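Order as written gives the chain letters A, B, C, D, E and F; numbering starts at 1 within each chain.
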Amino acid sequence: MEILVVNPNRVDGCTLLIHEAARAAAAPGTTVTTLAPRRGPAELTGHCEVLFSAVGVLELIAETPADAVVMAGFGEPGKEAAQELTAAPVLDITECGPLLARTLGARFTIVTSTAAAAPIVEDRLRTLRLDAACAGVLASGLGVPDLVDHREEAVTAVADTARRAATEVVVLGCGGMAGMAADVAAATGLVVVDGVSAAVKMAESLGALGLAPGLTPRPPVTGWPFTT
Amino acid sequence: MEILVVNPNRVDGCTLLIHEAARAAAAPGTTVTTLAPRRGPAELTGHCEVLFSAVGVLELIAETPADAVVMAGFGEPGKEAAQELTAAPVLDITECGPLLARTLGARFTIVTSTAAAAPIVEDRLRTLRLDAACAGVLASGLGVPDLVDHREEAVTAVADTARRAATEVVVLGCGGMAGMAADVAAATGLVVVDGVSAAVKMAESLGALGLAPGLTPRPPVTGWPFTT
Amino acid sequence: MEILVVNPNRVDGCTLLIHEAARAAAAPGTTVTTLAPRRGPAELTGHCEVLFSAVGVLELIAETPADAVVMAGFGEPGKEAAQELTAAPVLDITECGPLLARTLGARFTIVTSTAAAAPIVEDRLRTLRLDAACAGVLASGLGVPDLVDHREEAVTAVADTARRAATEVVVLGCGGMAGMAADVAAATGLVVVDGVSAAVKMAESLGALGLAPGLTPRPPVTGWPFTT
Amino acid sequence: MEILVVNPNRVDGCTLLIHEAARAAAAPGTTVTTLAPRRGPAELTGHCEVLFSAVGVLELIAETPADAVVMAGFGEPGKEAAQELTAAPVLDITECGPLLARTLGARFTIVTSTAAAAPIVEDRLRTLRLDAACAGVLASGLGVPDLVDHREEAVTAVADTARRAATEVVVLGCGGMAGMAADVAAATGLVVVDGVSAAVKMAESLGALGLAPGLTPRPPVTGWPFTT
Amino acid sequence: MEILVVNPNRVDGCTLLIHEAARAAAAPGTTVTTLAPRRGPAELTGHCEVLFSAVGVLELIAETPADAVVMAGFGEPGKEAAQELTAAPVLDITECGPLLARTLGARFTIVTSTAAAAPIVEDRLRTLRLDAACAGVLASGLGVPDLVDHREEAVTAVADTARRAATEVVVLGCGGMAGMAADVAAATGLVVVDGVSAAVKMAESLGALGLAPGLTPRPPVTGWPFTT
Amino acid sequence: MEILVVNPNRVDGCTLLIHEAARAAAAPGTTVTTLAPRRGPAELTGHCEVLFSAVGVLELIAETPADAVVMAGFGEPGKEAAQELTAAPVLDITECGPLLARTLGARFTIVTSTAAAAPIVEDRLRTLRLDAACAGVLASGLGVPDLVDHREEAVTAVADTARRAATEVVVLGCGGMAGMAADVAAATGLVVVDGVSAAVKMAESLGALGLAPGLTPRPPVTGWPFTT
């Protein structure tokens, strides 16, 4: 099966890390293509950028055939919109990390990037109706560039944050933490779930079972904001 | 004070109705400018359009000086992003309708447009933490064009839907219903709150009290998706 | 319009502060009358006094014509009863402070008077279905006389308490704090909402929009406990 | 032990029925005194009357020595205030009915008097944090006089209402239904819990175990609203 | 009436303490028989032992006639199953402690045995729909043998833990704490409720009122796991 | 990898159906062994049988080496206990069905077997903190023998029940419905998730990612109830 993974930011190092984590998680017959939007902000430093990036993410999803789509931003909106553009199931790492973590413990803690991201993640979990199982959202204090460019320090900071969790299971709450799960687990002794890997496996699971969302018929999507 | 009201769709009749409702609600010293996005979808027929329209809405808010901003889409995202673009308070009718209604009864019912809009509204209320006071979201079955172009039938349909509410207080859950509150109240005997009017009054209230959201310092917004 | 503001306690200094805050918030055409009960306890030091004061508050509301009524006790009962006595909308500062605060941030913190008042406020918010948006109720440790008679120290104590809030928006949770919002905001850099001012503006908003609660027909109120 | 039972209304027939139900539930060594307020409304037809009656109820409790107090109004306020007036435990039938019912099934349904009473009961359960176990509040349509004066028809109406419950356990949600549990159970085959009986047994239980609420020290209660 | 009390573990000292607490709580006409399972684990050190012990507990309940059954394990499953084996009401101390405590304060804190037991108790309270009134579950760090064999130290440790509660009312959350309520109350000044005593009184209450769960007809129970 | 699937009942036809569904879902390199308990009830007709069956299920899990364990009873307890007996992850179809379904829609409906099973499933979802996303539990009215022996009628009945769902996504809420998803989906046009298949894929996902629950060290399990 072909999985399209979309990194909502345009930090090349981040796209690469996400791609590697996705490929490492993928089964033999699975092809992974990881893309970043052609348009939109380089980094998602606020609510505006998060919204803008969604347009580029949707553009990619609309034009790239795939058997499943993984949205690799944690806490970002757009899954419901993306699902209108493709018959393939769209999986959001904000869902898949917590959902897979839930099989490993009754409650989990999310370690996210910056303090500003934490309430965004909390609000998104509330909308997704996954808040009851979340014991807390902790910020590591690191943005995507720090997570990507200073890998060793980043692992240390994420592990230090994870140790403050009241649960045994921790979800990595940022695409820039992709590929870091094993190191954080080794450093802390905790069970560490990476959302990108989880989403790839759940995409494969849906594919193997022939499951896809019901396609509510809708008129063609119009009004892309970059056209005039 | 100058209030900028933004209609997220580009249906001229809808912008006009919203403008009239806002102006009718405004106090003597208040100027109301009502705009629709220069780019984006004509109608918000799905999640994609809702997201696309937010870009144009944000563009308007960034370039139009105002003392307060009213976002006149019910259930649409973007308030948090808009607040990054202006020091003026940004008020969302999805909040203001229910908040003002809450002073008139312990619980309220929302009458929204199409059946497809109902779960979007429910999810947004959950994120806004206003779901506990909402006794239900009922769909009138009418989209924005129907609400705008066939006004008399629309009032009848909205009133018929409102009569199914289990509460005495009803919130009009669509910008296209702006200006319809008195007619629906007269037809049903219920207390009917229009979100646009409520938002204008709450904008004036904040202005009079000198209240505005705390401005978390942030770097300039970049990555508008219509630039390259 | 004429707004009747009722202070549930009989501390003259408190009535005066509430009156000044209400007048300061009122629009040009609005007249504010602020009264304290003719009977009942001087201070609301416990649940009994809170209940007793409600009788005097209701007596005032029944005999004083007004276009809107503001109940200026935070956490006190009686709004539903008061609404039976007048066709004018009755606004409780326990509702209006949080409701207006909600437009300024997803969550707010309440700074209340004594430690004994905090669980009363928490319980009342639960009944009002506003608990989900409340990030906490913090006690300043000051009762009404302290708040009224030692104003400077009171502002300092309330500001110190407000700094412990986990949210940017703070609601002043005691009528005795009326008029203190700007000072606390200046001292802390937080967004500070005063319930009395909020209620006055929401009363004016309802008036301007022609909104009032539905009048469920009921037999004349009997059994005032001071008659025999 | 001596139990003081207080009927919040002043319908003699109702006081008598409550007294008989309490006495029938009482253990051999228990004395039951059932009183109605000397002042206040005859019937609790609205929120005002409910509040007024609380003053007379508190007056009785303050002046009548007892080992335990049972407040026999369903959904009425005042328990917290009453507890300030006596070192004896104060039990509210609104709590005791549901609490005892909870041992007989995971969820229960409340059958209350009039449609107007139902939301009052729902709100009170929410404040008491007993709402999660309540599957619904159904109104029989009968006020206290109907429940008291037309006993046979009342049993039929309450039984008919109880049959609509989705649970096996039903709580009688009005003091005027005291003594009716066995008849309703016989008519419906359901498990029917009467709050007055439940409260008497819980009062005896607390007495036997030497349990009473912690007495938070407080200044003398002042401000009775019937004094000047 | 005859009450069968079942201790889920097989620690003789624990059975004895439970028996003494139950007998001390029982009214004159009540006979108390306290038994431990004939089969199953000596101590309930984990989820497996908790489940295994339930089989022996059910065996006892099936073969021992009684007018009421008290299950004296805190947080253990099996009440619903036990109720299938007898027409007598089955009371679980996990319910009865919190339910009686609820009459003494709006919220209560549970002091349980080991840290491992705390999440089990939290989950069970959630299933029982009693979590909203629980302000927290605190672990004393003592298992049943410590609680039983080193009584004085145990009282000290439980009292020390209880002092950390944010509420005035504390529920002893382990059968091994039976009989300790008065000492912990004396040491802390808190209101301390013992679940075994509470369950005995609630069993007597149900008996006196002629209340028992509705008997859903079911085929004979088969498949006892110790038969082949 | 080797997956041990355990059917909690001892209906051979049911074990076979579960095995076939598990095998059909399994990836090429996965071996599936499906077993039913050697001891315990044939059918799970009540709470007692559910508890008894858990002992036999645990016995199987303790003695059968596997890389992952799937518990194929919907609403049955025992997962936490099973996880104490093996270092391999234990997956409960009650979790896995809803968790995978959650990626396909914001909310799902569960179609379960008998009316008696519905509240058991509701309670279990509450404990698992998955209740917020569940729009309802509907009973098909069919027990395991009916589901197994009269397959065609069973599919019709399950499909008829599923059509009453208010959501597009339906979870088959009984092990006896294993293998029925495609037929019910074809008959209804809904998205139908089978818990057994979901659990197999999630087991494979955890295996591929090297994830397993943290092993809290514990003493050897003792007290199996079939030993003396």
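Everything below uses one rule, namely that a contact is a pair of C-beta atoms (placed from the backbone, for glycine too) under 8 Å apart; a residue touches a chain by one contact, two chains touch by 3 or more.
This one's a predicted model, so the numbers in the text were calculated from it and none came from an experiment.
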Taking a step as a move to a touching chain, how many steps at least join chain C to chain D?
1
For the sequence-identical pair chain D and chain E, determine the rotation angle of the Cα superposition and round it to the nearest 5 degrees.
180
At the interface of chain B with chain C, does the proportion of residue numbers present on both copies reach over half, so same, or stay under half, so different?
same
Could you grab the centroid distance between chain A and chain E? Build each centroid from C-alpha atoms only and quote it in angstrom.
45
Between chain C and chain F, what's the gap in Å when you average each chain's C-alpha atoms?
53
Distance between chain centroids, defined by C-alpha means - chain A, chain B (Å):
30
If I count partner chains per residue in chain A, which residues reach a count of at least 2?
106, 123, 129, 216
In the complex, the residues of chain B that touch chain A are 39-42, 45-56, 58, 77-78, 80-81, 83-85, 116, 123-124, 126-127, 129, 216, 218-219, 221-228
Spell out the residues on chain B that touch chain C in their complex, using ranges where they run on.
25, 27, 89, 91, 95-96, 99-100, 102-107, 128-133, 168-169, 181-182, 189-191, 193-194, 197-198, 201-202, 204-206, 208-214, 216
